[in-house]
Each structure stands twice: as C-alpha cells, then as structure tokens.
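Next, two complexes with chain A in common: one pairs it with chain B, the other with chain C.
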Partner chain A sequence: MSNTIVFDNVSKFYGDVLGVNRVNLSIPPGITSLVGPNGSGKTTLMNLMTGLIRPSRGQIRILDMTPDQPEQLFRTVGYCSQFDSFPKGLTGYQFIYSYLLLFGYDPPLANELAWQAIDRVGLREAAHRKCGSYSKGMRQRIRLAQSLAHNPRVLILDEPLNGLDPLVRAETIALFRSFAKQGCHVLLSSHVLHEVDIISDQVILLSGGYVVAEGNIQGVRSEIEDHPMQILIRCDRPSVLASRLFGEDNVVEVRIHDDRRGLLVKTSNPNRFYLLMNRIALDGISIESVAPIDDDVNSVYGYLIGTEEAVR
Partner chain B sequence: MAVYKRTYRGYSGAITPSWSRFLVLFRFSRETLFRSKVQTAFFVLCFFFPLLCLLGIYANAHLSVFSFLGRRSEPLLNINGQFFFTYLTVQSTLSFILAAFIGPGLVSPDLANGALTLYLCRPLSRTEYVLGKMSVLVIVLSWITWVPGLLLFAVQASLSGWQWLADNLWIATGIVWGSFIWILILSLLSLALSAWVKWRIAAGGLLLATFWVGAGFAQAINAVLRTKQGYLLDVGNLVAAIWHGLFRDGVNMGFSVTEAWIALLAFCGFCLLLLMRKVKANEVIR
Partner chain C sequence: MRPLWWTQILAVIRLEMKKTFFARRGLWIYLLALAPVALFLAHSLVEIHLRGVRHEMATQSRPITEQDLAAIHEGMTREEVIARLGDPPASRITMRRMPTGPHGFELIPGEVLRYSDGSTELTVVLEKGAVVGTGTTSGSSLGQDTHIFAGVFQFFFIRLAIFFGCLGIFMNLFRGEMLDKSLHFYLLTPVRREILLAGKYLAGLLAATVIFTVSTALQLTAMLLQFDTATISHYLYQEHGISQIVAYLGVTVLACIGYGSIFLAAGLLFRNPIFPAVLVLIWEAANPLLPSLLKKFSVIYYLKSLCPVEIPVDPGMPPLLALLVSNAEPVSAYIAVFGLIALSVAVLAASMTRVRQLEINYTAD
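Let's turn to the complex of A and B:
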C-alpha cells in the first residue's frame, strides 16, 4: 500500500469561482503545513482530502484509497475543522463518544477511546461540561480530540493551534510530533509562520488556488532565484571580510551588521559562496558562524506570496 | 525531511454493521427530544384517544356490564373500517402537531453550528444522515399512530374471534400503510423546513402553514376554475384520498387515488430535493 497522499492534476471550481487549480502533490508521512492567505485554497484542499467535496477534475488518493471508499477512508482520516461545530447540547465526552459510535465501534470500546482522546488533550475534568460552555482553547482541544479519537493514520487539522495558550500549544505540537513519529501524516494549516517553521517537515505554499511551492523549506528557498540568499556572518574583522567579498561575482550586496560584529551578505549562488567562506577562513579571518537568515517559511512566504501581514 | 519509523497500528477489531449507523443519530436526538415539558406532556396526551378507543372496544364486547342501566344488548360502537379511519384521523392530527414541535429542531441546529462537516467526515453518508434524523420522527410518530392502532385492532380481534380477524385484516393493512404515508410526508416536510428555516418557531409555523395555506389555495383554485383538481395541491386531501382507498369507504375526493399517489410522490421528491440541497458538507470560507 502506498504511504503518500497524492493529488493528480486536481481542480475544484465552485461554479465560476476557482477553489484550487491543477494541483499535483505527493505528500509523504510527517508534518506538512499548508500555508497561504485567506481564499488561497487551503480549506478546499483539506475538504478534498477528507472527501467532503469532490474534485471538478483530477484524482485524489489517500494512501491508495479514493474518496469513493468512505468506509475505509474515514477510518484512516481524522479531520479537525477550524470552525466551532458542535451538535447542540452535547457535553465534551458525549461529543467524542457519539462520533466514535458512527465509526462502528461498540459502546465499551467507544467509551475507552473517548477517554483516551480526552486525556490526550487534557480535558478530563471538563469532559462532562457542555461544549457550549467551553472557552475558545477548550473548544479547540475537544475538536482536536474528536479528530484523533479513532486513531487515524492521516490527521488533517485546519488551524489547530488557534486559541491555545503557550503551554497547551507546546503540548499539542508534541502530540503532532508523536503522531508523525509513528509514520502518520499530519497535515495542518496555520497562519503563524514561525510556528509552521518549527513544526513542519515540509510545507505547501498556496496562493489564489495554485500551489506556489512545496517541499522542504530550505529546498524551496534554494530554488527562489529572484531573491539572493541572505547570509549572516559573525567574524572578528567584518570590514576586512567585506572588502574581500566585494570582489566576488556571486556576491550581490555586503552590509556591515549594526552591532559591527558581523556582515549581512546577499549572494546569488549560496553553494559557491560557502566554498569561498572555507577558503577565507583558511586565510586567517576568524569566522564564528555563517548562517542563512531567509530560508525560513516567513521569508519564503514573503518572497513568493507577499508579506506576513498579507496572511491575515 | 525527517525519517520516521512506521509503528502505527490501526484498529482492526469488529465493528457494527454500516446499515445500523444512522441509529446513532436517533440515539442522541432522542435524549434532547423530551427535555421540553410541554413536548413531553403533549406526547403523553396523544395516548388519551387510543385509551378511550380501547375502553370503547372493551365495553362494546362486554355489554352485559351495562345491563344494570337497563340497556338492551345492542352494540355501543360499530368497530369497523370507519372506526379505525376516525382513530387514524384523530391520531394523525395529533402527530402533525407533535411533528411541528420536534421536526424543526432536527437539522437546523446542525446547520447553524456547522456540525454537518463533522458527521459527514465519518463513515456516514448524506442519505444516512437524513435517515438518522428521519428515524427520530418516524419512531416517535409511530408510537402514537400505527402502534396503538394495531394494538386496538389486536384487542378487537381477540374479543371478536378469528372470523372477524380474517374478514377485517385489510383494516390492519390500512392502519399501517395509512400511518406510514402520513409519517413519511410529515417527516420529509419537517426536515426540509428544518434545513431551510433556521429559526425553530418559524419552521414549526411554516409546517402548519404548508397544510393550511395549501388547503386554502386548493379551495381558491377549485372556486375559480370550477373544478375539484385543485385538491391535488392540498397535501391533507391527498393523504385523505389514499386513506379512503385503504379503508374502503367509497368516498370520492374529486380525483382518483392514482392521481393522489402521483401528487404525493411529487411532493416527497420536492421535499427531498430541498433537503439534499442543504445537507452538504461544504465548508468553504472566502
């Protein structure tokens, strides 16, 4: 059985409105983040993966299953939507338990799984309170619990970290990592780019219904040739190093750092630049560190889609 | 890309049959059903008339009880198709009011709370969702229509003997089919209105209006066009026409039973169309 989620030339139109267009993806296990501004197609992609909507064109295969096999597919997929969606009047426990019965588990097993999920998100004490009385963070946690209660292999989470306090946020991220470590897929969308950077094994950048970039973020960054890579060099003699670098054709810009203990360099060919730095280090300039400063999700997002403010 | 060990093991034990999943929805709707005291009181009230009928049937079979009143041993009631037709008419009116209480609260809260997505990203189809919600009305309305009706029939049969049972078995068929038709129409209409009108009271009012306004409209058409075909727009009359056929009382409603069936099927199809247009898992925010 294939271990990937495959989108094969998938398009989704809502009448004349474009949802996503010509999406080709092969998503391996691990934590994958969907990043893009509002209306970029993140939720559409998630709904397509969960079989809630059908593609207008193309095919989707979730670990070799199609959305036409709901009985198998929904056992494999757990979905946490970004909206408050609770059937009226249910307590947190009833919410998890009743939905587990829909999977066909018998009542004792559903009860056991419900409590396991509630414990995983730390809501045991509030489990018998009505969902309507929960705080925003608690609602987010109980939604998360319902998505993972049946122990899915593919966890699809629409903005799962919204409304969580820092401690719960850290615990939730650890939970995602534990899922990924088992070889499961965790697909999440988030607007908090620095968090995406920390959590994700790979990112999918979306804009206007198109996939703009996908893969490991450093790999994506290295392919953006319009924007020279920015590198911060910490050294003992920045002005000497700067004069040396000016002569190199792959160096686009050199600027002495504000604290005068390093240089900010823009290079059009990072690989050649790193080889050059090896030679310079041998020439006697003491170099403490060389680190790229724009190979994170935030920078890549800014280069490909716009500023971080545009995300909101 | 991190390297992960594949230690995941999914559940591989026994599961309940997929056809029975819709009953989970009934199970949880049932709990909220009788939270309203008015609703519960009305449900209890719905058993008053069947009880009265039961007493009537019993008294009819034990006329000697009334000998001290100087009555001759003539039957008090004629227990026949007409008796059960009257029973069904009364109970269906009560079930109509009960459906107006219960029906509007079945789908609209799920739509208002965006809970449909959660139902439908599980092994539950839209049809099963509708079936699950419908089962609430079907089961509750059955308790006050054909279930006590069949009990009354059974009591009468036990008191009158096998011959009466053999001669009047069509009455039992009439009770069951007549009730089912009525329940199906009420359920579909209630759910369709519940899906389109989110305000519960308005949906309940609209259910009542559908019947009364339909009846008024039918009368108007009949008066203007000097015909009786206008009754085809009156759902109550359509059901009555089928019941008259089932209870063999020879009443002519101005149109044939076949026409009534066709009109009712069209009405049910329209309700289903309304329902399925709303029961969707789309969750696209722009």
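Let's turn to the complex of A and C:
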C-alpha cells in the first residue's frame, strides 16, 4: 500500500477563475506545509483532497484512496476546514459527539473519543457551552478537535494557527508534532512562512495557483532570516513592551503604532522573535495578536519566489 | 447487529431532527397545519352553540312537532300562527321602508317569530299581521360536513398546507446547511452521500408526516365534535367513515412522501426557493389541462384519485373550478399509491446522482 498523497497533473477551475493549475505532488508522512499568499490555491488543494470539490482535470490519490469514496477516505482522513461556522445550536461536546456517531461508533465509544479530542485541545470546561458563544480561538480549537476525534492518519488543516494566541499556538504545534511522530501525515496551510517553517518537514510554496517550490525548507530559510520582517503586535501597554523588546538583538526597529494600541517591529529573525513573544506572553503583558504585515509577507514571497507577480 | 448504513441513517436523523421539528424558521409550518383545525373547531363550536339555542327555544314554548312547523305557510295571520304554535320563544319587531314614489316612502311594521322543535328552527316573517315568508334551518349535517372537509382537504390542505410545509422542511435539508456553511461537516465523515441524502429525507419525512397527520386527525376530530355518538358511529360503521379516515391519513402521508422528494431535489438544484415553488405550484395546478402522459408526473394526480370523498360539482361552478374539482382520469388506489411512490423514488434517485456531484461552494451566491 502506498503511503503518500499524490496529485497527478491536477487542475481546478471555478468557471473561468483559476484555482490551481497542473499540480504534481507526492507528499510523504510528516508535517507538510502549504504556504502561499491569500488566493494562491491552498484551500483549493485541501478541498480537492477531501472531495469537497472535484478536479477539473487530473487525479488525486490519498494512500491509495480517491476523494470520491468518503466511506473509506474519512476513516483515515480528518479535515479542519477554514470555514468558521457550526451546525446550529450544538454545544462543543454535542458537535463532536453527534458527528462521531456518523462513523458508526456505538455511543459509549463516541463519547470517549469526543472527550479525548476535547482534552487534546484543552476545552473541557467549555465543552457544554454552545459553539456559537465561543471566542474565535476556541472555535478554531473545537473545530480542530472535531477533525481529529476519530484519530485519522492523515490530518489536513487549513490555516490552523490563525487566530490562536502564542501559548495555544505552541500547544497546537506540539499536537501536530505528536501526530507526525506516529507516522501520520499532517498537512497544514499558512500564508505566513515563518509561522510554519521550523515545524515543517516539507514546505510547498504556492503562488497564483501554481506550485512554485517544494521540498526541504532549510535551504531557503537562511535567506529569509537575513531579510527583515515587519510584524504588528496588538497589546494593552505598547510602551512597556517596546522597552522590553529594545534589548533583543534580532529586533531591528520598534515603533509605537499611530493609534497607540500596538507596536510595529522589524525583526531579522522571525523564528527567534516568535519564541520571544511566547515568553513575554507568560510575563503578564496582555498581547492580543501578533501578525506579520501582509504587504511585507508578500515582499518576502517576491524575494523568495523571485517573480514580480508575487510581489503584487 | 445493525448494519452500518442503518446506524448512519439514524445518526443523520438524530442530527436533523432538531432542525426539522424545532427550527424557528419553521414556525409558520405549524400555523399552516393548525389553520384548518381551527376552522373545523370554530365551525363545530358555532353549530353546538346554535343547537343549544334551538333546544332552549323548544323548552320555552309548548311542545311542537315537525308537522306543526311544516304547517305554517304564507298568508296565514299572526293569530293563526299563534294558535298552531303557541307564543313564540323568540321574536323581534321590524320596520321596513317601502318607497312609494320618487321622494316618499311608507314604513311597514313587521315581526319575526322564531320557533323550534328542538332540532329544526322555523323563522316566520310577518308584515302587517300576516305571514310573508318562512325559513327553516337545522344546522349542518354530517353528510354536508364531509363534503366541506373534502374540499378543504384537497384545495387547502394538500395543495397549500402540505405543499408549502414540505417546501419549508425539505428545501432546507441541504440548502439551509449551505447557507449556514455547515454542510461540509457531513461530507467529511465516512458516510456515502446517498446515505446522507436518505437520512435527511427520512428526517424530513418524519417531521412532515407527524405534523400533518396529527393535523388531519385533529381536523377530523374537530369536524365530528358537534355530532352525537349515534350519528358518529353510524358514519363510522355504516357510511365507510373509518375507511375515509384511513384514506385521509394515508393521502396525508403520501403527500409528504411525494412533495418531500420533489422539494429535497429542488433544494439541491436551486439556491432560491421561490423559483421552484412557483414552478411546481403551477405544474400541479395545471395538471388537469396536461396531456395524459404528462399528468402522471405530478403528485396531485395520484392524490386526487385517493381522496375518499368526491367534491360535488355544481352546475353553477365556473368551468375552470369545475375542471379542478372533477377527476377526469381516476386511477385505482393500487396504481395511485404505486405511481406516487415510483415517482418519489425516481426523484430521489435523480437527487442521489446530483448529490454525488455536489461541491461545497459557500462563497458564490
């Protein structure tokens, strides 16, 4: 039995709009990240893999299964999509439990699996509240729990780190790693290369519906490290945080945002900077969000990919 | 051991139930189902009240027989009426303006006397001391009421209440989840899409049949409420009442099966419910005008033949209405049931091929 996910000359057009074009991939187990700016085709590839949409051309095989056989595929695959929506009126627990019953598990087993999944994302306390009342980060986590409750060997996650605060983000990454260690496929997408490069065994770079680079990220990473990256931090006491950051050697520039509710930081080593932010979050400064500034991400791609199109 | 597909269907029904029965969006379906119940209940209560009034009148006058009532005719004097029937238990003085020329008029004094033998009421109209008109009423009979029921059932209940109720329930099975962006959760489980469709259909059918058969049963109960047990048992056991009730309940279930399958399919094909609703409504209404072959692709065609009581065609009816009422091509009950189920199965089979092709596309609208 094959242990890879294969895209064989796959194209998807939405009417006249290009989703992805002539994609050829062979993805081994481990953590693989699909990275590309918004609209580059990450979600399209993931939806194609899971049969939510059908390719206009080409074929996809997931460990020897095709996406149009859900009855087999989803015994092995779990997909956490990017749609931030829920079936109406269900609590977090009911959400996971009800859909587990569709697998044919008997109720005690479904109950057990549901609680296991809820514990994995640390939502036990909130499990009996309606999903609709959850914060964005909690919604993200309960959807993650739902997608991995049946212990899939292939886990597909569309922008799973989006909207998570640094602490939860670290926990979530640890979860992905534990899956990968067991020989599973973990496919995740991100529009921020720095967010995923250190955790990925393999990176697939997408731009405008094409795969522009694929493979081990080590080679390109050193190049990016020399290229300063601009990050916007939203927090309650920007000046306190600014003075804390000034001493760090990977911080090139710190500016308080015009609205005085955030900081603009340029860093030469985003990986170290993210680790630093995790530590600072533990020190008691309340940090709302840490996000690279989009234009800047695109310029990194321009640098990385070397095309004018990606810069725009 | 239960087979997997059945376990999965039950799990789908479990998830759908809340939405099909208790959706806030679906409150109007209950109102639609209860409207005819309210109608028959009101009718029965009014009749019971009037019967009480007649009974009361009979006790307030001297005993009167049917022959006494029949003996009153135009031209009799007030005294002759009183001599035959006694003092009226109810009466009122009237005054009528009668024009005598372009500008003048004459006031004509009159009186209305009401009598009852306990079941029939006689109204005697007097002017200038003489009878100028009589009228009798004896309330509605069960026979008449079953005809009214047949009309309401065919023209309101099946064609409008169940039609739009099924539209509301079944159109939303897929469409509602596309709008809520939650359909993908189903498609990401190891459930064949055909089984998902079957589960959703059964969940809708469960809700529709419960709501509408309960409504039919309540309507029949409300209709029979005003009659005494002797009349009712005569109707039930001597006039095929039981088989009529069974037929009405059966037609209700079949209507849900038929319209359910059609609106489930429509919900897969259309985003906007208005368009298919109007299309199917026109198609069903135009059924009598269609050529014989096309007629068979319609739900109402079969239901009409299964309705137990024919609606009487009045000679005075407008021709179009008479056409709607008449059942020009009745088919036997077996063929009607078989035809309707075959039609529904065909529509569901077509929906199944469609649901296999279904792509998640929440954004485009």
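Keep in mind that, in the parts below, the second predicted complex is superposed on the first by the 219 of 312 C-alpha atoms of A that agree within 3 Å, B and C clash if a C-alpha of one lies under 4 Å from a C-alpha of the other, contacts with A are read in each partner's own complex, and residues count from 1 in each chain.
Definition applied: a residue touches a chain if its C-beta (ideal position, glycine included) is under 8 Å from a C-beta of that chain, and two chains touch if they have at least 3 such contacts.
Predicted model only: the values in this text are computed from it and were never measured.
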item	value
Chain A as common anchor, with chain B and chain C clashing or fitting	clash
First, second, both or neither for A:Arg54, with chain B first and chain C second	second
Chain C versus chain B, contacts on chain A by residue	B
Which of chain B and chain C A:Ser98 touches, first, second, both or neither	both
Chain B versus chain C as contact partner of A:Arg120, first or second or both or neither	neither
Chain B versus chain C as contact partner of A:Thr43, first or second or both or neither	first
Which of chain B and chain C A:Arg75 touches, first, second, both or neither	both
Overlapping segment of chain C (options 41-49, 77-85, 95-103 or 185-193) - the one that collides with chain B in the superposed model	185-193
Chain B/chain C common contact set on chain A	14, 47, 50-53, 70-71, 74-75, 79, 81, 83, 85-89, 98-99, 101-104, 146
Chain A-facing residues of chain C, complex	4, 7-8, 11-12, 14-15, 18-19, 177, 180-182, 184-193, 356-357, 359-362, 364
Complex interface listing, chain A residues touching chain B	3, 14, 17, 19, 28-30, 38-39, 43-44, 47, 50-53, 70-71, 74-77, 79, 81, 83-90, 94, 98-99, 101-106, 109, 146, 150-151, 153, 180-184, 201-202, 216
Partner chain C, residues of chain A touching it in the complex	14, 47, 50-54, 68, 70-75, 78-79, 81, 83, 85-89, 98-99, 101-104, 146-147
Touch list for chain B against partner chain A, complex	1-2, 4-8, 10-11, 13-18, 21, 24, 27-28, 32, 109-110, 113-125, 281-286
